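Structure record follows, encoded as structure tokens.
Residue numbering begins at 1 within each chain, and the chains themselves are lettered A, B, C, D, E, F, G and H in the order written.
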Amino acid sequence: MEGAMTLNVYLSGEIHTDWREQIVTGAADLDVAFNSPVTDHGASDDCGVAILGAEENKYWHDHKGAMVNAIRTRKGIEDADVVVVRFGDKYKQWNAAFDAGYAAALGKSIIVLSQPDHQHALKEVHAAALAVAEEPRQVVEILTYVLTGKLPG
Amino acid sequence: MEGAMTLNVYLSGEIHTDWREQIVTGAADLDVAFNSPVTDHGASDDCGVAILGAEENKYWHDHKGAMVNAIRTRKGIEDADVVVVRFGDKYKQWNAAFDAGYAAALGKSIIVLSQPDHQHALKEVHAAALAVAEEPRQVVEILTYVLTGKLPG
Amino acid sequence: MEGAMTLNVYLSGEIHTDWREQIVTGAADLDVAFNSPVTDHGASDDCGVAILGAEENKYWHDHKGAMVNAIRTRKGIEDADVVVVRFGDKYKQWNAAFDAGYAAALGKSIIVLSQPDHQHALKEVHAAALAVAEEPRQVVEILTYVLTGKLPG
Amino acid sequence: MEGAMTLNVYLSGEIHTDWREQIVTGAADLDVAFNSPVTDHGASDDCGVAILGAEENKYWHDHKGAMVNAIRTRKGIEDADVVVVRFGDKYKQWNAAFDAGYAAALGKSIIVLSQPDHQHALKEVHAAALAVAEEPRQVVEILTYVLTGKLPG
Amino acid sequence: MEGAMTLNVYLSGEIHTDWREQIVTGAADLDVAFNSPVTDHGASDDCGVAILGAEENKYWHDHKGAMVNAIRTRKGIEDADVVVVRFGDKYKQWNAAFDAGYAAALGKSIIVLSQPDHQHALKEVHAAALAVAEEPRQVVEILTYVLTGKLPG
Amino acid sequence: MEGAMTLNVYLSGEIHTDWREQIVTGAADLDVAFNSPVTDHGASDDCGVAILGAEENKYWHDHKGAMVNAIRTRKGIEDADVVVVRFGDKYKQWNAAFDAGYAAALGKSIIVLSQPDHQHALKEVHAAALAVAEEPRQVVEILTYVLTGKLPG
Amino acid sequence: MEGAMTLNVYLSGEIHTDWREQIVTGAADLDVAFNSPVTDHGASDDCGVAILGAEENKYWHDHKGAMVNAIRTRKGIEDADVVVVRFGDKYKQWNAAFDAGYAAALGKSIIVLSQPDHQHALKEVHAAALAVAEEPRQVVEILTYVLTGKLPG
Amino acid sequence: MEGAMTLNVYLSGEIHTDWREQIVTGAADLDVAFNSPVTDHGASDDCGVAILGAEENKYWHDHKGAMVNAIRTRKGIEDADVVVVRFGDKYKQWNAAFDAGYAAALGKSIIVLSQPDHQHALKEVHAAALAVAEEPRQVVEILTYVLTGKLPG
């Protein structure tokens, strides 16, 4: 009876390391559909003005891009059963925390991927999560367990 | 990881030019399902009385038709991830603005297609949109970017 | 662009004439999935006690059956885009009016099938409907128009 | 700790006997706010045309009235914690069953007031109720118990 | 039992005539709380830049204002039991139609105030309304009837 | 017209007997998709620490596991049309009652599988169910009836 | 700025000790409204038959009572900001776990009052809680902190 | 007609400057109810262990506190019409961004208080806001305008 379930997983947050590839590769044999934001940093920053016209003011340049990206992000989170939010070691990453809050209010199951030195600063985000992991491998193990009942090792 | 998403897009508003065809043709290679209202103006006006019986009073003639069309319109908007609302240069187009308000209250991602001379009159509708475009080509570019992360050019 | 839509239609109400067959047959070429309550009157009345054990008290006999039937009815209405509610010329038919109220509160598109002599007694139910028809053929014509934009004749 | 609760109760259904007065009088000492439809039969039938203009067609005459009454009915049911639905011994009373279905879909607590000879015909409505009573006095006793924990006698 | 109900009414749309005053004055004896958008046209247009800083681009000037006004408009509609939407004889009035659509999707009771020459263009908006009136006096009569059961005359 | 429906059924509760297998086998010919919690008791208890790291404190050991299991349980219940909750004759089984409450608040159709000696203690849970059965065979018969209209024997 | 908040707290579960009184007394100076089920065990068991008529079958005797009690319980939980669920050391207490599941699905803040020897059996219930306490005093301290920001001692 | 509205405003984010006092003082004459998180940093960090017992592991120490604080934060955001989120110039402030995401998913009107040098990093948060201000005074001016229609100066 285990295994009939399909999971839709949204991979939110840090876009500078290969953590998404590790999870997708590791979960290749599972019944999981993954979605994520656009991870091409330049395209993500400029999509608004590239399509809808240039803005002199940097605020509106960024605004137009963030609005277009929101079409994808909202769809990704709203369709998800599980939202994985990764916090890296650089940048403000407020969009990751925003996504976590958005997912929490929708009642999504949240898995946070973060490092111990961010533990105190992330305590409110962790408190909304069903699992806090440090390694992409652990996310794969959670998905494996949730879908098959099998534990690692 | 990009591309697994399917978008359901509802094309609301003006029915006298070929903007829907331009978008559907332009997005032919994308994973998008399009829906729209009945765009045969005569059928749309008369569907109520043609099926359910004539009315002497023009108000009820129109009412019966609007109610039957609402079966399709509501379904189209409620199932949509993205609602594109086109304002043309003629007519009152209150049904387009009504659809935009309906979509906004449901939290749909809204793209408005309109011309600069309507900008001030549409400011409340634009404020509910994630993108405001002038050309159908731009809608195709947004859908392309949202689904593939690719920008034009 | 017309025709991509699929409709889920629930056929509620009177179970003593062949109106459901007429609609299903008439809509055979359309992209419609139909559901309905169990229309075997005897099975519907006795399902509770037949499966879960006899009751001496007629109230509980009926109650057990109504509860089991509710599993199907709720699912049918909640999954539906369109709920057709047929009032015949006999019996109290409070379950039909109950289904109409249930569907209305869920925001479903409602089509009522009824005869002119019930018009006054059904005015509150009619007021919640998007169409009031007298013949199953008209329901087929509505579904045809909603899905294809084609009018009869 | 018992008694801090206030109940909003909507009294739906039959308008030809004094059952509402019996309940309101009986519950005079309880923290209950009652609402009900307009119970002046003539006003209820004619409110639409009296305010918004005459209709030659009886269907639209009734429709306009039912729509105006719906402003009150919807508000009454949506604000209610408990909906009492009374079925009398005359008329079709489809509006009562419609209200019961509407209340059920909104998850309201339903009390049905009906007579034994309608038991079989009301089984689906009864199955959605938390209590089925025969006398207004019993409704008062339920409200008393729910608010104070006191049983009769 | 009639009269215990309080109605929250939002008055949307045209801001150049005294229709709101007529309704509020006419309903002075009723248990109604009225809300409306800011009706000072100049303040409404400029509120964004007056508070948050000037914009060179007219689009963003209008956008900032529309967003600030949305704080009031959304609250007004979401809290309302009844939304009255008035269409005057000038301007595009897309914001009125937008509000009607927004209210419809939230299941609010809608009363439209419009003139006969706009009937065909407003048919989709009318189809979402529970009453269509021509005079503010009729809105007062509806509110009076809904709250007291009394008809005019 | 009967049979087009597909049911998603979640099997909650007791994990020490083969009741799930009996139901799944018995329903093999029906259009039903079954889901259930992980039924490997050891894996279920230890999944949190096995994947996310050991805990000295038994409370947090259990907590981590319960949170990971919740990813599967919530998904299973939220996707279900019908939730079957089985109470066995041993252990506290508070998680079964918790699942029943969770399912009830979401409006799911609930079938309870329990023995007569637990009847009084389960009366609140039974009151939220559409059917109370003693044998897995009866659950199969209910699913058969709901999907095909056929009664046993 | 702290203190403007009012909390509605529902006290669910065990009815044989004075834990409710301890909390209500301890929180006497706070802006809290408490509600609870009827805690008179006999009245709670018999309310259905005492008001609505005797039943020979114990199952229906209990069922009628549980349904009447549900009017109060549902209202209490649905209106609550915080649901405190107390597990005592006797009885099955499935209704307490059911209430916890119901509250969890509605997104209520849950505080569990339980003893260490029930820790493993309650792990799924604890995982849905924002606080797990052993003493009523701790619940008072939490409410005090939440409303005033003051910690004990 | 302007002024009948009452606003519930939640003040989220940075707790080291007096921005909340400035807003509350500035809005003293308006019909606004303010709520905020506990702003005593030490109490906020330790509330979990101070009330519910010490933890050796810093992660669980923080976790217990974050969970208790969530009782207040959730209530504050869920009851709010407007959520003001302030980003200061120090710390990670992921809880502020989390609150913004939570508020956005609930459809709250969001006002962000932030400085220009954070503009790019906050673009996703800004895109979910109806206003982006730099000074508490501007928030007061927005609230004044929304409630009275009066602009500054």
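Note that a residue touches a chain if its C-beta (ideal position, glycine included) is under 8 Å from a C-beta of that chain, and two chains touch if they have at least 3 such contacts.
The chain list, named the UniProt way, goes like this: A, B, C, D, E, F, G, H = YtoQ family protein.
Because the structure is a prediction, the values reported are computed rather than measured.
J.: Nearest 5 degrees, what's the C-alpha rotation angle taking subunit A (YtoQ family protein) to subunit D (YtoQ family protein)?
T.: Answer in degrees: 180, to the nearest 5.
J.: Have a look at where subunit B (YtoQ family protein) meets subunit C (YtoQ family protein) and say same if over half of the interface residue numbers show up on both copies, different if under half do.
T.: Both copies touch with mostly different residues.
J.: Based on mean C-alpha positions, I'd like to know which chain lies farthest from subunit E (YtoQ family protein).
T.: Farthest from subunit E (YtoQ family protein) by mean C-alpha position: F.
J.: Weigh C-D against A-F on C-beta contact pairs and write down the one with more.
T.: Counting C-beta pairs in contact, C-D comes out ahead.
J.: Suppose chain centres are the mean of their C-alpha atoms. Which chain sits farthest from subunit B (YtoQ family protein)?
T.: That would be chain G.
J.: Roughly how far is subunit F (YtoQ family protein) from subunit G (YtoQ family protein), centre to centre by C-alpha average, rounded to an integer in Å?
T.: 24
J.: If you average the CA atoms of subunit C (YtoQ family protein) and of subunit F (YtoQ family protein), how far apart do the two points sit, in angstrom?
T.: 30
J.: Mark out which residues of subunit B (YtoQ family protein) touch at least two other chains, giving numbers and ranges.
T.: In subunit B (YtoQ family protein), residues 67, 70, 107 touch at least two other chains, as defined above.
J.: In their complex, what parts of subunit G (YtoQ family protein) are in touch with subunit D (YtoQ family protein)?
T.: Per the stated touch rule, the residues are 11, 20-21, 24, 33-36, 38-40, 43, 46-48, 50-52, 64, 67-68, 70-72, 74-76, 79.
J.: How about subunit G (YtoQ family protein): which of its residues touch subunit F (YtoQ family protein) in the complex?
T.: Within the complex, subunit G (YtoQ family protein) contacts subunit F (YtoQ family protein) at residues 58-59, 62-63, 65-67, 69-70, 73, 87, 91-106, 118-128, 132.
J.: Can you check the complex and tell me which residues of subunit C (YtoQ family protein) touch subunit B (YtoQ family protein)?
T.: Those in contact with subunit B (YtoQ family protein) are residues 1-2, 4-5, 7, 81-82, 107, 109, 130-133, 138, 141-142, 145-147, 149-153.
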